[in-house]
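As written, the chains take the letters A, B, C, D, E and F, and residue 1 is the first residue of each chain.
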Amino acid sequence: MHFRKFIPAGAALTAAILLPALGYAQEAAEAAAEAVPAGGPDEQTAYILTSVLFLVGGFLVFWMAAGFAMLEAGLVRSKNVAMQLTKNIALFSLASIFYYLVGYNLMYPLGDWAIEGYFSALFPAVAVLEGVGIDAAGADDIAYASTASDYFFQLMFCATTASIVSGTLAERIKLWPFLIFTIILTAFIYPLQASWKWGGGFLDEMGFLDFAGSTVVHSVGGWAALVGALFLGPRLGKYKDGRVIPMPGSNLALATLGTFILWLGWFGFNGGSQLAMGTIGDVTDVSRIFANTNAAAAGGGLTALVLTQLLYKKPDLTMVLNGCLAGLVSITAEPLTPTLGWATIIGMIGGVIVVFGVPFLDKLKIDDAVGAIPVHLMAGIWGTFIVPLTNPDGSYVTQIISILIVAAFVIVASAIVWFILKLVMGLRVDAETEIAGLDMAELGMEAYPEFSKG
Amino acid sequence: MKLIIAAIKPFKLEEVREALTAIGVRGMMVTEIKGFGSQSGHTEIYRGAEYAVNFVPKVKLEIVVSAAMADQVVETIQTTAKTDKIGDGKIFVLDVNQAVRVRTGETNDDAL
Amino acid sequence: MHFRKFIPAGAALTAAILLPALGYAQEAAEAAAEAVPAGGPDEQTAYILTSVLFLVGGFLVFWMAAGFAMLEAGLVRSKNVAMQLTKNIALFSLASIFYYLVGYNLMYPLGDWAIEGYFSALFPAVAVLEGVGIDAAGADDIAYASTASDYFFQLMFCATTASIVSGTLAERIKLWPFLIFTIILTAFIYPLQASWKWGGGFLDEMGFLDFAGSTVVHSVGGWAALVGALFLGPRLGKYKDGRVIPMPGSNLALATLGTFILWLGWFGFNGGSQLAMGTIGDVTDVSRIFANTNAAAAGGGLTALVLTQLLYKKPDLTMVLNGCLAGLVSITAEPLTPTLGWATIIGMIGGVIVVFGVPFLDKLKIDDAVGAIPVHLMAGIWGTFIVPLTNPDGSYVTQIISILIVAAFVIVASAIVWFILKLVMGLRVDAETEIAGLDMAELGMEAYPEFSKG
Amino acid sequence: MHFRKFIPAGAALTAAILLPALGYAQEAAEAAAEAVPAGGPDEQTAYILTSVLFLVGGFLVFWMAAGFAMLEAGLVRSKNVAMQLTKNIALFSLASIFYYLVGYNLMYPLGDWAIEGYFSALFPAVAVLEGVGIDAAGADDIAYASTASDYFFQLMFCATTASIVSGTLAERIKLWPFLIFTIILTAFIYPLQASWKWGGGFLDEMGFLDFAGSTVVHSVGGWAALVGALFLGPRLGKYKDGRVIPMPGSNLALATLGTFILWLGWFGFNGGSQLAMGTIGDVTDVSRIFANTNAAAAGGGLTALVLTQLLYKKPDLTMVLNGCLAGLVSITAEPLTPTLGWATIIGMIGGVIVVFGVPFLDKLKIDDAVGAIPVHLMAGIWGTFIVPLTNPDGSYVTQIISILIVAAFVIVASAIVWFILKLVMGLRVDAETEIAGLDMAELGMEAYPEFSKG
Amino acid sequence: MKLIIAAIKPFKLEEVREALTAIGVRGMMVTEIKGFGSQSGHTEIYRGAEYAVNFVPKVKLEIVVSAAMADQVVETIQTTAKTDKIGDGKIFVLDVNQAVRVRTGETNDDAL
Amino acid sequence: MKLIIAAIKPFKLEEVREALTAIGVRGMMVTEIKGFGSQSGHTEIYRGAEYAVNFVPKVKLEIVVSAAMADQVVETIQTTAKTDKIGDGKIFVLDVNQAVRVRTGETNDDAL
């Protein structure tokens, strides 16, 4: 779990109180924090190894941004591909800048709360890294890892949250309102609620467990997407006299590539969330997380394959892709404690959720262009809920309460933002633009200008 | 001269082209089309939603030949493209008043 | 080489006997096993570093699954792309599950043989990882690496073997028979023969050398593919009145991307097979392996480029891609001992093999949709055979004998499976389906629904 | 910066003299070189960690080759895609071979200069790695990292330089003259000028600062491309009666993928250039570099987005992609010393450079098919120039002089090569081939044979 | 028999097909085309350079029907494809001398 | 009215369109086609196997104009599309009975 361990004197007490609540991963945390175990790496070597974990984990999670871009580009129709690509690269850039300007310090009060456990001081706003060429004395937290490596890793989680939203709203939302929402999401909404858990806030004190963010990242993105979809309405012609009109993705090879990229990135997403690699215990846990993460993805994908074959007589590749991702989201709340068998099963149920969740949303006439809501929101809730099954420190009640609290906050917050944006500038392109495709109308270029479209 | 328009199954293109070359057709225009006809209309499921596949991929040939040759061409296409399965396609014949070869400016039968 | 070093008392003797046979990499193994060298990392740090090698190597090999998917999707015709993608993601999921259920323990008897050196006990069947938050005492093998990291790494090799098969049989095999074969391959065929070498079985005792699997992985996949191709027959219209009818790949950009992905993944494939990174000697060897692996790929690609230019007057991109991969397969049996120069030459000969192997197969009317047999089987044999050239511990005779033994086993085993599948459910889609394309007929969706096909 | 630290006795003096000039990163270098700091990793562990930095950094930079291939394949017209892919994979293979044969030792005289500080002995020509299974005594430089890991890392920089050239000259240059130029570039031009800085030559002694190669790599590639473009002339129909005729890229999804790949690879490109990871100071610096590199890319992309929106009323995705890359190139000369804020701003200016640089080149009728000159040359100059802003060891004058020296050398050298190639074999395909597309005419195959082109 | 050629807006295809099926049209050929007409000609910017978009995507229908049905078909297309916005398209009618169904060899009206 | 069908080399499209606009043509339909003709037939090698490239990419123009204008259009296309190299293409002229503008319902010459 993302409990940032550098805690200034001022917050030592708080820390003391809440540490016991941190669950398994805390063992690791302690291991890293406590005096170096006999025969193990010294404190500085541990610091280096944990920093490496964040750098490698971080670039793997960065890679997920490409995965979302390819997945979404592959699942939208060709007339909207260039716009979807633009949104993905722009949202990542914005996340990088606003998480730096506001988000990072809002997320990690490090004990300095404006409102204890609920709202960090916004000051100092911008993220500050350690100096150049420091020695042990110069390290912010010699028992943890370099601040820059932590920042790099955490930033990628913030960007992931924003990536989730872009897919659901594809093919109809205007570029700029979407980007403005991204700014609010990455600067405030995500970091604030994340501080409640990973910043050591009240959810953390309650004993809420979310190792790598089934709720803190995926459901949050999912809720924001869902609310956006409601404000935005479905794509023209998606629901016609009670029937659902499929709008097939234009490039399933890209969509599959995107899924593989996300799968790869997830090893960093979950593995890096161990937040320590300087002891035998930590590296063994990280390894366990890698293996479990893979098992859950495989379970989800296979389940979607078999289910669609049984339900529809033919397997549905796009469902299989969503199934793998749902498996990954499902295991993200607790990738450490399950056995390989349980990890597979938890992922499999994620696959079931997707196969039924996609048509269910359509029944509600909620149009999710890429299936992000079933994958990230529904499977995210499932994964968060089931943590206590394998982690004795977890409580189902606490999990449910926390899920609801985060849900309530994100729904209200993003509803307000979407509402204002709709009022002020409008969220949706006009019908003609939507029919012609956003690429030509909003960008003046096409993703595949030479291929005649059938 | 006659313009012969034929919609056939894509995998038959090569065979038909060879047969036509054999009887002396020296040129044609080939276009990928979506065909709608009695063959059409099976339904598929995408992400849980049914949809009817109303169009099947076909290839359209457009061939201009001298009036004298027209019947032979039609017959050749018909016999070669035939699979006796639904969706084999159609052949239509229209009149052409004039033909020009861009390179030389030759006209009508000389242009073919 | 993949000699798993954790050996329970019961097998210590065996180990003692066969260790001398392990060739260069064994030096590394010993280095890791023996008391910590003066001034070097302590045992626990070494354990951590080797585990990191497996995790990084493992995710790189995972990435190869995406490479195979893109390569194959790019080399088949567009009407079969969605199906090829489905097969690739499904086979990886199945490999993950069945290697867990059966394969891993079948492959690593760790001394507990049912039939000494030939057949491991199938019990305990499922893979079991170390517990959460262990300390030095809790480690399965403190002198090696975390079991989960080893499992994660080994699993990816099993999946790679399955990926090889899918390409050759593309565009005509039914989905389910293929997937059932994948299950048998990843649960039994691959792990069993792998135990003979990497599990410390009789091939290993014979002194067979195969560092990262030119034979154990690539040829095995290649043999299974070849036998499958014979049972399946060529694609309709591939061979017509003595002529070979090319069926150009639909997307060479994807095929090239797939090749780059595989090239990248191969650094993990070969480098991780050093199985140790806790000493200067090991990390230096791993580095050497990276450099050699790259040299061989470059040699193979360049050779294919020049040869096709000379033979056909125009270079053939698809041959260049196959050439790079053949170079990689060629160096896989011994990426450590060659100099950069020898590595380049060994790879170059791999390139030659592909340029002549592809048309040769066509002459035999064996239809390999993507060239997997020349790349993985033929170059795999070449790479295995040539090991003694640079590795004094190798013997050409032993190499040949081992190649033949593995060949015999895989040919017979997969022939039986293919035969039964053909009998019971049939391997091949009907002619109409094949002509229309598997995507529409078997999946009810297309990879590129909007692009009109010419 | 790439100062190779293994210096044979013979060169110790030289080293002593020039070390003080090396700037911040030198602190790292020293840290690694000096006796192990109290409580830190021992020398051997440091050696292992730095080797790991090179291996991971190296495979990330390798991955950039795929990024260039996808970016270029996406930005050219479909009739030239297969050829562009062929050029990219072929140039990487050639770079691998010729950097081995000549480049590496030309670049790292390690004190053995034929002409002190200007020209290394060409002997021993080929790169030689450490032996197999060495111990501390056997290491070339126990205070640095394994030679093979250094070689692997450095090779990738050489290949990157060549990749830059291929984009600019796309869609009209013949395959073989281009590949011959690549050989000269990777065997001589790049390594020679690189030795002046990273080999500890006269530019380095002057106090020129170029941490990861805004000049040494990117501008060099840019200059070679620019000169090539002048010899080659614009694509047919690109400039017609004073107007610029856009030739839209055929696949912006691939181009975006390529950009994400490059962005990912750049973490290795800049991070690995710290050249040490065995101390707290070094790993903290590497982390800082990762964070800054990301910030600059985000700044560049966002700036291009906003600027094109303002200037053209519609954002231009291709400019956003170029903007991200320009941001990356801009920060490459000094990714360590800037704060996150400065890094973002430095990248933003890179974005501005691209948005104005692209049309500016068109005004000069210099046809750069993918925008490589604005991205790598112009932003490279900017990044190099601005180093002293954040690095006190830098001098604007020295930076400018060094930029000019490198420019002069590369312009002259590549002009000679291009001139001879033009004379001897001609650089350009004939008009008919260019109109029909290089794929069919020069390769006899198409990248997308089935998609009807509109 | 008549060949009816219509260029319409792509998003109208489905609607038009349904309307035609309703009046008994049993087949057609559909082709993606680039249309040039009064609608064309807005300019866009790519990498800083202006370019005129002279062609807009359209769909071309080719339908052969008995002379008797022709007017009804034309009218159905016209009313269904109409959006009153520029670029709605055109309909052309030509004579067809002969039609053949490949599968059966039936000719003329029986072939449709 | 006349329907003028022309198969030309793709890179000539823009030039021809401009020339036609200049003489007052206000619309056309453009289709990517594969052309077969005397130009066709060179062989290439793919993965060691020879194959004949029987089709070359061409662009097909379909233009309906008033009978009066037909000759001028044909001539303009012929002169503009000409490169004197084999494969320049062909032009065919057919009769059109009727034309309708979907948007307005105008017919015949008014519809063009």
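Basically, a contact is a pair of C-beta atoms (placed from the backbone, for glycine too) under 8 Å apart; a residue touches a chain by one contact, two chains touch by 3 or more.
Keep in mind it's a predicted model, so treat the numbers as computed, not measured.
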Chain labels contacting subunit C and also subunit E: A, B, D, F
Equivalent interface to D-F, taken from B-C, A-B or D-E so that over half of the residue contact pairs match: B-C
Euclidean distance of C-alpha centroids - subunit A vs subunit E, Å: 47
Between subunit D and subunit B, distance of the C-alpha-averaged centres to the nearest whole Å: 53
Rounded Å distance, subunit B centre to subunit F centre (Cα mean): 17
Subunit F: positions in contact with at least two other chains: 31-32, 34, 44-46, 85, 94-95
Contacts with 2+ other chains: residues of subunit C: 41, 45, 52, 56, 248, 251, 257, 312, 314, 316, 318, 444-445, 448, 451-454
Inter-chain touch pairs (all): A-B, A-C, A-D, A-E, B-C, B-E, B-F, C-D, C-F, D-E, D-F, E-F
Subunit E - residues contacting subunit D, complex: 32, 34, 44-51
Residues of subunit A touching subunit D in the complex: 41-45, 47-48, 51-52, 54-56, 58-59, 62-63, 65-66, 69-70, 73-74, 81-82, 85-86, 88-90, 92-97, 100, 126-130, 132-136, 138-139, 142, 145-149, 151-152, 155, 175, 251, 254, 257, 442-453
Residues of subunit A that touch subunit E when the two form their complex: 237, 435, 440, 444-445, 452-454
Subunit E-touching residues of subunit D, taken from the complex the two chains share: 243-246, 248, 311-312, 314, 316, 318-319, 355, 358-359, 362, 371, 454
Parts of subunit B lying in touch with subunit C, wherever the complex brings them together: 10-11, 32, 44-46, 53, 57
